[in-house]
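Paired with chain B in one complex and with chain C in the other, chain A is shared by the two complexes that follow.
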Partner chain A sequence: MDIKADLLVIGGGMAGLVAGMVGAEAGLKVVVLRKGQGATAISSGAVDIISYLPGADTPFANAIEGLHVLSEVYPLHPYSVLGYSDEGLPSDAERVVARVGESANWLKEKLSGTPSALVGDLSRSIQAVTMLGSSKPTSLVQETMFAEGSDDWHDGVVLFAGFRGFPDFNPSMAGKAFLDSRLQGDNRPRRIANCTLEALPFDTPYNISSFEIARYADREDGLLRVAKLLREHVKSTGADFVALPPVLGLRRARANKAELEEKTGAVIFELLAFPPSVPGLRLQTALESTLNNEGGRVLIGHEAVSIDKREEHIHSVKVKTPRRTLNIIPSAVVLASGKFIGGGLRGDERGISETLMGLTVVDVDSFQTKGMRPQRLTNVMALNSEGHPLFGLGIAFDSRFRPVGPDGQPVADNMFAAGSMLSRYNYLTEKSGLGVALSTGYAAGTNAADYVKGVLS
Partner chain B sequence: MNEYDVAVIGGGSTGTAVARDCAMRGLKTLLLERDDIASATVGTCAGMISSGLKYMEEPDIVDMCSQEVVHFNRIARHIIMKNPILTPMLEMSDLSSGGNFAEEYSKRSATREVPPVLFLTPEDALKIEPKLNPELIASMYFEEFFIDPFRLCLLQALDARRRGADIRTYSEVTEMNKSAGGMIEVHFFNRLTAEKESALTRIVVNAGGPWADKIAALLGGHLEIRLNKGAHVILDRRVVNVGVIAKAVDGRMIYLFPHENTVLLGTTALDTWEDPDTLVASHDEIEYLLKSIEWVVPSIRQARIIRTMEGARPLVAQWKIPEGKVTRGYQVVDHSSEGLEGLLSFTGGKLVMCRHMAETVTDMVCKKLGKDVKCTTHIEPLSGNEGNVDVLALAAQYRVSQHAVERLRARRGTELGKVLDLTREHPEWLSAICTCEPVIEAEIRYAIREEFPQTLNDLRRRVRLGTGPCQGTLCTFKAAAILAEELDFTGEQFQLEILDYLSERWKGKRPPMRGEQLSQEEVVQGIYACVGNLDHSELRYEPKPWEEAS
Partner chain C sequence: MSDDQAIQAVRATLKAERIQPFKGDELEAVRSVESCINCGLCIGHCPVVRGVGVERFSGPRSIALELSRSPPEFWATADKVYLCTGCGTCREVCPKKVNVPEIVNLIRARIFQQRPDLVPKPLLDVRDIIVKHSLAFEPWEDPQEKAESRDTRVKALGLPSVPDRIVTGADVLFYPGCQAEERAQEVKEAAKYILSYYGVNYTMLNRLTCCGLPSKLMGDDETARSLAGVLHDKVKSLAVKKIVTTCAGCTSNLSDISTRDGWGVPVYHLVEFLAEQVGFDKVSRPFKGRGRFSPPVKVTVHDPCHLIRHTSRQIVEHGRTILNFIPGVAVEESGLADSCCGGGGMVGYHSRDVADAVVRDNIAAISATEADTLVAPCPLCTAQIESNLFRSGSTTEVEDLSVFIARRLPQKR
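Let's turn to the complex of A and B:
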């Protein structure tokens, strides 16, 4: 079966869905392929912009500072590329900030009203607390993850509340770690407390997942039960803030937060999640339904398996599901199939490659990594502020986010790329994952729309 | 100062067996281990309690090993598994090597209650293991027993403790000197409290394995060992259900053994002069193993490699012969010939011989102390070996998966009742913390309370936490919180524990990184670096020896 589309997006995470939304906004017929669940759906659900320079111990004061430093120190970073003029380098930091800010504001507007509505902006660093009790500087968090007044914990009592039978979160240790990490600093709460709630979605009090609690919280009886239990603990501990694992609901998360705050009198917030992640899925779902509302189509379980390239132009893309094979004939393509989690890259002892077309893979310094085995691209320390070069790999691209070959020339005139499959940055150590996905998805989607409309040569 | 009859140095298979034997014979016993029980050489072996496959030219040793297998099946049946083994042969030259082995093996098979060696047609061999290369011309079939090496060492240590021995882990011997009355003063550094301690003993048994020469030297003794390193590649599941033994690229024999939920591919053998603490598998070792086994199991590279492990064999110091020709027997060196009365050191030995080694040295110790007590370590069972366990009934009764109960049984035998009992008061402890293995919270709590682990790595040795395909991706933070809660850690210690465990897992994951493990590692980095922000923490992390060495 042949399908025609103005814009075909390969990859249904943050980068691909944003590109698709931009295309749909521009009036294109958009088809997004999502093979499975990628990194966005298991992410913490916070949209990091940029918090650290690789190797640096102290975070940037805010994303604006970070983007300025990046465009100077890493002029080939995907963010920096956003600051190029039509002639390319040098990168204009003000332009980078403006373009990243534009995409962030655009996303906030798109998601307002959804369960994963975002708060925050580039001028402010939010110290989000994680399930381990550690803190992580980020720029945009979902409303349910935001604790009003958390810039200053002073004089506040913070209650860490867990759920019986939900072993992913230990309120007592998270609370201790939270306090320990603040002993030296000046932003520390007056007291911490912890409690374990007996709110069982099923009658078995073990092996409960965050999703089960979230669905329970979306039920009226479930939320009432949580509110009742929480109220007692807030009362007995005098808590001003309640840190919950990220389980506030999938459909009604924001309303649930408001209701709990009203019933307990405390500020309720979700901690940053690990997979399986309720806020991650919330974000994924919100992005998909927004795209759908704008007329785009997401084909779930569809995998692009081969490309028919004629001259320097993508003619069609063969797509498979377990049941059928499609041939999609697009005017333009955005490739956003992710890194290793998403399946955009793979590697073995013979080297790292891009999975769909064998695109050129380069490292942070733009050197080709052909034939290099993965182990050579790692450091001896499991966790370190430099990060592993392995995760700074990706495909080579030009100033319009078109994949390029070893000669630096675009692989096809109508193909653009976005998200974590891009090279020259390491989102894990920089804390820039969804931010780069967002702003490059936005740029690639815009470029693709311009191409389809004939604006772009 | 505490006084002992005997101080055993080293908490591996030999040291724990010696401590048990000494305690059983009524000697006042101290065991000093620098790290944790089974944290070095024995923790990197395949657990095979071999009938003597690799040393058929030493018939006395083969006899001894066969007998030891019988003893182990009596005292530790619950932690033993039997694996059928195939030796697929692809060329006529492969055939010629099997003759002597088959004869020697079959001579002793009845004692161990296994069939004699069978010769199978290609069709029959493929029926047993369809992953074999269909080009094979014949295969031998025989059976070997495998024991959980971590549980064996731990059970020996616990049994010794129950009988009055002092078992001290994280106690590193730093100095030894002769003292009045023929006593030896042993100084050791308590790594948990960072304090120096000492004890007086009449005899020191040096079971330091790859460090035995350095330990002997503390008292001025001379000991030579031939240190030989070996690597295993670990696959994520039982890609074969029987063992496969084949000739490697250089004519040595290597194997693919199902081991717990995984498969082990090993081993290499390289003489080494490195610090055993810093050893990691090399690319050459990994490719040597894969290339070698690929001839008989052609699909092996499709399997998911989760990690490597590298250990150091403390061989008897025989030189100018290949490693394979060095005796697999052991030696007990009595340093009294050097004027060091009371110091006994081991070199050589295999896992299967650890009880025998203990019996020999304890006989010598008793003689020196003028005691005449018979050895009973081959008769009295280790804890958990008391009877059969009805896995299906327990799974139904506690509403927990049959697989989880069976894995619990494989580690603990009848002792699993005590673990499940904990869940009557705390049903939430039925939660699976490590879902790969799986390990339920009750077992982690039980192990922390009864088996003196200090770190997550210690817990891994006791319950196989984090040893599956995800290598601790999803259980590290959960288990760290439980350990921290039970041992009353500070918040900083809790997070440091996570870093320590990730670091140890990384040691083995890093060398073979490829395929699916790249996305697995992206998830690990996503959780602990990207979200957890532990890559930018101010924790006082101390680099590990292998990290410092590179």
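Let's turn to the complex of A and C:
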């Protein structure tokens, strides 16, 4: 049985879901294919816009400064493309800032009622603290991860609270590393403390995962227990801020934060975690349910396997599940299938390829990488501020975010691309992953909607 | 040494080392493990982990990584691997589509061969029944009693009685599955009525034999394959073009073996058949027009894993579309419709507490809808949810979707 859609989005991460939401807002019948969950769900749940210039060790003062520098230094960067006029280059930095800011504000509004409601904006860099005690500059974090007043907490006491039997987080080590990483004179608290709470979701004091504590916190008895234990430690340490691993809940995270703050009198915030993290799952879930509320549909577990292209036009997309195959006939397509985690790109001994249609893959400087083996695109040093060129690879695209062939011409008139499968930026060195996914998903979704309505310039 | 001798020598070594080579049709699942990136996304979604914690059930990621052990040591996972309900949630969220549910079956098959002492005893009891009767449940001793039980159920539900139809030259084989054959007989009766109402030229088997899913799930691959062979012979001799079933597990398993063994016969769930083969126009007709009134009923839905995750989520959308045709029916979503009922993977046979912990959140969500009826297109999910809802003191009735539809079709006087 065929399914007809105005807009088919291939990929259900940040870029794809945002494109789908934009399409649904424009009144289109939207189907988003999500074969699995990808980098968005694995993420820390913070939305980075742009924190570093590639190769630089010092972060930008804020994303606005970053976007200005990028559009000067990297005019081919997906962000810079947002600043093109109808004639293309040069990129207008003000326009870039306006368009990225517009998509960020739009997302904040969309997620405002959900457990992963966002705070922050482009004009401020938030120093989010991680479970290792290090700090990471970012632009938008979930409300539950934001510590009101942490911009200047040099008079404050920060309590790092862990959970007994939860091996991912060591509050004592994290606290020490946090102090070590902040010099005297930096924005450094007066004192830190640590404690371990004994809140056991399944009564055993070992081998507990963050998801279990989060679900425990969503239960009334669970939250009461955490609040009671935390209150004692806050009292005895005089803490003004409490840093928890990200376990404040999957469904009730914001209410739980408010309740804990009321019961302890301290500001509660979640630290950034490595994957898999509760805030990443919250973000993915919130994006999906928002799309559903907008009238779009996420077809979960369905994978696009081939495309029927007729004369530079996508006619239909063949979709597979474990035991069924069906066709989707769309008016326009947004391809947002991700990079190496999501599966949009694949690297093996034959080189790097785009998995669905064999689209042209280029590097940060827009050079084709045909046949180049992934090893050739890595640096000797695993961790360095230059990063690995491998992660700057992606598909070639034009100023409308349409995938293009080696000749620079669009592969199809009705196909647009967004997110980490795009080339010409390296999210790892820049810290720009979800930000690029958001703003290009927004742009590609808008362009696709304009195409369907026949108004694409 | 001749080639034959060499092969024999290798086989003997493998046997001595307790290594069972993978079959050709198992390799795809085995290879999918190579793409596991160890991200752990599945742990946050697994309903068994949600129910009992990672300490009791270490989760899909650990099962995926277990395969990197040397094969004879599969037995070391026995305390965990029988707790997987096979719902497929992990595979559905996995960025790399690692086929964990199938890997569970492969590991269980190896334990079954090499260390039968570690197979939970209740599963071996089921195996004895299957081997003896080719059915997943002990059949009725007295056919008269079976008929009386059926008539009582049919009468209580107000379903019309349709005689069994066993004909040659039919297009469609209706395959009710063991649950509807032996226990929830009303489901079989409902499907017969629906098929005959819409004029489908169908037949049934003169004697139902199991599709082999329970055998496969307990690791008894040999019986599973032999049951598949028996059924294939029957399907061939009937020369039907399609198979229709009312059971979610049968839908996915029959689809699987039909493709694997090259039956060339597509398998449909009844609602899928109605949507795609009968067509919504025809399906909706009896519910339209004057006098087609049925009392208002608030319904919530449960989506069986074997349909949504092992087959396609599109099928349960068809189910909702059909529900919306029926006058008076208002569907209220529980928000957890797609969460495993705990009834899968044969877990309930040996670890009832785990199966019931898995469905705990569903029961709360279903109760919160205050629906009159929960409908599910699978008699096994229905049974698992019904007993848990009953124990929770809920007043929500539970009905198989086929029964729900059949009861609302007009009856010829």
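Just so we're on the same page, the second predicted complex is superposed on the first by the 454 of 457 C-alpha atoms of A that agree within 3 Å, B and C clash if a C-alpha of one lies under 4 Å from a C-alpha of the other, contacts with A are read in each partner's own complex, and residues count from 1 in each chain.
The rule is simple: a contact is a pair of C-beta atoms (placed from the backbone, for glycine too) under 8 Å apart; a residue touches a chain by one contact, two chains touch by 3 or more.
All values derive from a computational prediction rather than experimental measurement.
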Superposition on chain A - do chain B and chain C clash or fit: clash
First, second, both or neither for A:Phe178, with chain B first and chain C second: first
Which superposed partner A:Pro275 touches (first chain B, second chain C, both, neither): both
First (chain B), second (chain C), both or neither touched by A:Ile341: both
First, second, both or neither for A:Glu349, with chain B first and chain C second: first
Which of chain B and chain C A:Gly38 touches, first, second, both or neither: second
Chain touching more of chain A, residue-wise (chain B, chain C): B
Partner chain in contact with A:Thr204 - chain B first, chain C second, else both or neither: both
Partner chain(s) touched by A:Thr378 [first = chain B, second = chain C, both, neither]: first
Which of chain B and chain C A:Leu326 touches, first, second, both or neither: second
Touching partner for A:His388 - first (chain B), second (chain C), both, neither: first
Interface residues of chain A shared between complexes with chain B and chain C: 39, 42, 204, 206-208, 275, 341, 343
In the complex with chain B, residue positions of chain A that touch it: 39, 42-44, 48, 52, 57, 59, 130-137, 164-168, 170, 172-181, 184, 204-208, 272-275, 339-341, 343, 345-349, 373-375, 378, 380-385, 387-388, 390-391, 427-429, 431, 433
Chain C - residues contacting chain A, complex: 37, 39-41, 43-45, 49-50, 52-56, 88, 91-97, 252, 255-256, 259, 275-276, 308-314
In the complex with chain A, residue positions of chain B that touch it: 283, 287, 399, 427-433, 441, 474, 477-478, 480-482, 484-485, 489-492, 494-495, 498-499, 502-503, 505-506, 510-515, 518-519, 521-523, 525-538, 543, 546-547, 550
Interface residues, chain A side, partner chain C - complex: 1, 3, 35-39, 41-42, 201-202, 204, 206-209, 211-212, 215, 275-276, 278, 281, 299-303, 321-324, 326, 338, 341-343
